[in-house]
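What follows is a group of structures, each given as structure tokens.
Look for chain A in each of the two complexes below; its partner is chain B in the first and chain C in the second.
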Partner chain A sequence: MHTYIIRRLLLTVVVVLGVTLLTFLSIHLAGDPTFFYVSERASAEERAEARRRLGFDRPLHVQYFDFLFNLARGDTGNSLTHRVPAFDVVMERMPATLELTIGGFLLSTIVAFPIGVLAATRRGTMADGTLMLGAMLGQSMPGFWLGLMLILFFGVTLRWMPVSGHVAFLKPLFEGRIDEALTNLPGAIRYLLMPMVAVSVYSISRNSRLIRSAVLEVLRQDYVVTARAKGLTERTVMMRHAIRNALIPIVTVLALQFAFLLNGVIVVETVFSWPGVGRLVFDAVSQRDVPLVLTAVVLLSFLFVSANLIADLMYGFLDPRIRLE
Partner chain B sequence: MKLKLTLALSLMLILMLGLAPMMSSAQTVPVPDDDTLVIAINGEPGSMDPAQVGGSTGGSNFRIMMHTFATLYELGQASGAIDPYLAHSFTVSDDGTEWTFHMHEGLTCDDGEPLTAEDAAYSFNRMADPANGFTGNSAGFVVASTGFVEARADSELDVTIVARKPQNRAMRLGLYSEVLVHCKDSYEAMSFEEAARNVVGSGPYSLAEWVPGEYMSLKAVEGFGLRPQGFENLVWRFIPEPSTAVAEVITGNVDIYKEFPASQAEAIRNSGMAEARFFPGTTRTYIGFNLNPDAPFRVENPDDVGAQAIMRTDVRVALQYAIDTDAICENLLLTTCERATSLVNPSNADHPTLEPYPYDPAKAEELLDAAGYPRGDDGVRFSLEMPARRLTGAMAPEVVLATAQMLTDIGVQTEAIFQESGDWVAALITHDLGPLYFGRTGGSEWSAQYDMADIPGHEAGCGEAETNYTNWNNDFWCTGWDTLPSLTGDPEAERELEIAMLEEFYNDPPWIMLFAGPRTEAVSNRINYQSRADYFITGYSATLKDDM
Partner chain C sequence: MSATQEPNPAMSESRISAIDRQIDEMYAPQTFWQRATSSMVRARYPVVAIIFLTLIALCAILAPQLAPKDPNRIEIFDTLKPPLSYDRDGELEYILGTDSTGRDVLSRVVYGARISFFVGLAAVGLGGGVGTILGLTAGYLGGRVDDLIMRLADIQLAYPFILFAIMILTILGEGVLNLVLVLGVGQWVTYARIARAETLVQREREFVEAVRALGATEWRIMFRTILPNILTPLIVIASFNVAGVILSEASLSFLGLGVPESVPTWGAMLANSRNQLLSGSWWLAVFPGLAIMFTVVSLNILGDWLRDFLDPRLRGSGQGL
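On to the complex of A and B.
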């Protein structure tokens, strides 16, 4: 088990390095970032001077290895637009992204589970058809459009919910200001509701279809037939035999879903003016803020890989036949 | 047991979600009230260092810093005005290179430090010092455009700014009015990182709270007498999505939002919460002809008929008649606009008598036939590519596509190519963009020469000058530009030359002239506020209406 975890952690480092390399190359392939940090009136000499000052005149591999070397020392460099350490800028926004991602993850899991199980146990009925049609619609709706529709209906027409904005919960919590975090909680939930729905509708739809398939697959197994033949109630058959065995593929997808939500927040953060990392990265890419983009990518890919590692570790817990070696 | 626990937890969560909207919390998102004005902007300031104003994060920090920092003179609220601010007057040396500003007595910065001529000189020198690595408007634009050499304090209240040569007075005053003055001791004590996040201002408002990614809250500085302070608090909310910002206006959570999408004007008006204003702006929209003989598209494909055709003046004139700016403005921008005759804003000191080229496709075709470019069997005279960016307002893709179609309609098959902003800017700066490009450039209402500065004279390289993106190499224009500084003492002769240069621009056009702006601005019904034609928002001048 320990060996497995160490091996996976080492693999994590390789994955993060790979992601940073791809990001680094793509941001430089998109053009010389220097043009974003000089005046349109800058002469060729001034542009060359700016390129030297920003370090973009060095060969790409030197720039990349410099970044890695400094990263190893915990120095990610200053953001070119914010002119403060890039790590601080990203970490300042990370709690808001985690609020949205965790909220979306919880919501999608809690809602998708009963829908999937219900559809599986009522297979072929009107309820099954309606739920799966809803799931298909949910998967077809772009988060951007859904967000705007939520704003229009609940924010503008009904005036039930705030249109945009954010009240911090995790940030004061992480900083040890527990009283402030708890006092902020109702406001935080209020502002979180619509973005959370927008970010999780796709996941709810996908997960409920997956859960339905997984449960249907298990219901066809011999041990379920045996359980029923033994005279167990349908509820016991479902809870003790069917759902637990259906969990393994579901957990895999849920872990990936967390990572998917991390990606999806970029659009939702923009629509709801949510001060998260997704929006920050989007702006940083537009402004070719190389240190900021790379720092955010390192941290996000670390979260992404960690979510997958947790999923792998959970297999062993859910199914004792699986040994992690 | 586990099932019950899960169910109980789920119910609790659902209950919390349901009740949350009714509960109060310590932190809230600022909303307008009698003491608070809320302004929405799409961008977010990166750095709040006054020397880094208008940098790579666009101009969002400039809009805010105009409230936290004062300038020697200020680009006024009224069209074309440049008003005294920290300085009450100025004198100019005989040779026009040294401008001495006489500052008010008793000025202070936010931290109580006296604000004197030494601080003003420090502000200019700090932003211009290449060692400090500042980019953006002051360091990148003002320094280059004024030929800034140095600033020095002559006395406690007199600061002299030295430039290499004389310049049109309105232009130079306007440019100096874009440099934010800050206190030397405060900023010398700060590292660049500290200066990016902390504000020790000299303006009517001080920074009260900055929640990155969300909003910045400013508080009126007590005893600041140089400008009004209509509201005690000014809140700048960073709302990147225009539709969301409009929704906030409609629900009464935002008082001012500049540059809303024209298609949402009706929704704003119908809400009864705000006015949807349309007015001419100072930003000039145009289609540039890239005349650079060494541009890659010309060198790599020397037989490209279109790229060669636009090198001819008669062809460039012909294409002017192909564009129906009225149709574009009325149908796509939902307002009316005045077509430009040159690179100077119609609302600025434009040419007094020239008439804009009319929309006359038949004449365009006739001129192209006469120039030796008849339609081929496929109806095409020649083809051109037109790189553009996906922006909003007058630069929106539908506007770009409409102009491409209008050119195609007269047989000049034009393909609009939407590029990533960075690629577009890089090619523009190196004069490699084209053969046509759809562009815009900032302008003013206070000096024709400010608008004309895009194409400087021989001394700056004429066709090869950095901002002459079309590489237009017109000897009359470039010689005229070099002559203008010598005429600053004779405004009549100076104006006469300006007019002759604008006529040259009209007759040998490096641009297809479109229009200035237009701009949109949503303004809450509860406030009095005069919209500005330029990029800025002067929130300090807004006041609550009497009946509110």
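On to the complex of A and C.
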């Protein structure tokens, strides 16, 4: 088990390194990034001077290794546009993105579970058909479009919900200001509600369908028949025998949802003018702010890979039959 | 009790041969297409999906003929007309209304089908082709090649696709081919993983051994012997994948990446609708979104049916959903 964790962690490092290399190369393949930091009328000498000052004149591999060594020391270099450490710029925006991602993750899990289990136990009935048709539709609509529809209906027509804006919750919490975080919580949830639904609609639909088939698969097993034959109540059969075993395939998929959620979050942030990392990366790429893009991508990928690692470890915990070697 | 049966006069020769024919027909092996059609009709939804997709495909191919107006023509006196607007002569002019520069929404939705369809099919073709070849190679050759390809796949999976797409498209600039390239690269891992897993199984089968004993080259074994036997799950995945790619294309167009502004896309229409939303111009956001949703839902329904028809083993495995 320990060797497995160590090997997985090493793989994680390899993956994150690969991601940095890919990001680094693609930014430089685009041409000379100095172009963005001098005026159009700059002379050749001025451009060369800027290139030297920004460090773009060094060989690519030197620039890359320089970046990596600094990263290992926690120094990501200054953002070229914000003129402060890139790490700080990303971290400033990270809590808002996390709020949306975690919120969407919780929502998709909490809502999908009852839908999936209900559809599986009522297999073939009207309820099953309706729920699965809904799931099919939810899986087929772009999350950002649902966001627009929510704004239109609840924001513009009914005027129940704010159409954009953000109240910080995680940021004060991370900084130890717990009182402030708690005071902000109701407002934070209010602003979070619509973006959260938009982010998670795809996952809710997908998870419901997966949970339904996982539960159906388990209900076919002999031990469920045995449990019923023993005279256990349907409730006990479901809770103790069926759902527990159905959890294994479900948990893996749930953790992998983080990937999908993060993709959606970046687009949905635009719809609701959410002050997260998604908007930041988008702007940073168009301004060729190399240190900022690299830092943001590395941090986001790290989040990503950690979620997958946790999923793998949960696997062994939930199913003692799986021995991770 | 007579041991022999009297020949029945009603059973003439011709009648017997007619019954024979009927029996033959009942048990005749159906062709692939006959089985496909009857399975589809029994499932009902796929038929609706096929009809809708045919309509959208027609819109894509015949957009210049079908669209009532030039999708880029600006009418400054007809801005933000709601759906079912009549002109001065009392004739229905804008069925789905106009946008903030007076462009006809219906015409733009019709033209938008072009990009979605082309990009969806081309990117899946590209990603599917590359992924299948890499997966097949990894699975068949094993060893270092396998390690290299699969680690590459791991790295790509750890990389949020949208970040990759934003970066590459900002760098390469706009254009349909760049869009296809980025979306295609985003898909290869799925195909590579499935192709590899299936190849590992097929590689050990006896018919592969037999072909090898006959002196076939490695190349021939890979592409003529193994490939046809691993195609089914890949085809099923591809049908869902077209739906996924159309959704991704919409997201990228919504972010303003992808094709130039002069090419109408559903995603870009939604991006433009955002500024008009607060003034209540709902039609700008509703119709392009519905177009995306119905296209994608049709493809998903078709994929579901295709999976059940071609390879019921995949049901519930979560693949391609």
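Assume the second predicted complex is superposed on the first by the 324 of 325 C-alpha atoms of A that agree within 3 Å, B and C clash if a C-alpha of one lies under 4 Å from a C-alpha of the other, contacts with A are read in each partner's own complex, and residues count from 1 in each chain.
In this text, contacts are C-beta pairs under 8 Å (C-beta built on N, C-alpha and C of every residue); 3 or more make two chains touch, one makes a residue touch a chain.
Here the structure is a predicted model, which is why all the values come from computation and not from measurement.
Trainee: Sharing chain A, do chain B and chain C clash or fit in the superposition?
Mentor: Chain B and chain C clash in the superposed model.
Trainee: Using the superposition on chain A described above, determine whether A:271 touches chain B (first), chain C (second), both, or neither.
Mentor: A:271: touches chain B and chain C.
Trainee: Who does A:148 touch here: chain B (first), chain C (second), both, or neither?
Mentor: both
Trainee: Touch check for A:214: first (chain B), second (chain C), both, or neither?
Mentor: Second partner only.
Trainee: Thinking of the overlay built on chain A, is A:79 touched by chain B (first), by chain C (second), by both, or by neither?
Mentor: first
Trainee: Counting touched residues of chain A, say whether chain B or chain C comes out ahead.
Mentor: Ranking chain B and chain C by residues of chain A touched puts B first.
Trainee: Please work out whether A:3 is in contact with chain B alone, chain C alone, both, or neither, and reply first, second, both or neither.
Mentor: Neither: A:3 stays clear of chain B and chain C.
Trainee: A:301 in the overlay: touching chain B, chain C, both, or neither? Say first, second, both or neither.
Mentor: Second partner only, chain C.
Trainee: Using the superposition on chain A described above, determine whether A:163 touches chain B (first), chain C (second), both, or neither.
Mentor: In the superposed model, A:163 contacts both chain B and chain C.
Trainee: Now that the structures are stacked on chain A, which of 74-82, 182-190, 236-244 or 290-298 shows chain C clashing with chain B?
Mentor: For chain C, the clashing option is 74-82.
Trainee: Touching chain B and also chain C: which chain A residues?
Mentor: 30, 148, 151-152, 155-156, 163, 270-271, 286
Trainee: Which residues, counting only chain C, touch chain A once they are in their complex?
Mentor: Where chain C meets chain A, its residues are 151-152, 154-155, 157-164, 166-168, 170-172, 243, 247, 250-251, 254-255, 267, 270, 273-274, 277-278, 280, 282, 285-286, 289, 292-293, 296-297, 300-301, 315-316, 318, 321.
Trainee: Touching chain B in the complex: which residues of chain A?
Mentor: 30-33, 35-44, 47, 49-50, 53, 78-85, 89, 92-93, 96, 106, 110, 148, 151-152, 155-156, 159-168, 180, 183-191, 193, 239, 270-276, 279-280, 283, 286-289
Trainee: Quick check on the complex: what are the chain B residues that touch chain A?
Mentor: Residues in contact with chain A: 3, 10, 13, 16-17, 19-21, 23-29, 44, 46-47, 49, 52, 55-57, 130, 133, 135-137, 139-141, 144-145, 192-193, 196-197, 211-214, 237-241, 243-244, 247-248, 250-251, 253, 420-423, 425-426, 428-429, 466-467.
Trainee: Help me check something: in the complex, which residues belonging to chain A touch chain C?
Mentor: Residues in contact with chain C: 11, 14-16, 18-19, 22-23, 26-27, 29-30, 136-137, 139-142, 144-145, 148-149, 151-152, 155-157, 163, 206, 209-210, 213-214, 216-217, 249, 253, 259, 262-263, 266-267, 270-271, 278, 281-282, 285-286, 293, 297, 300-301, 304-305, 308.
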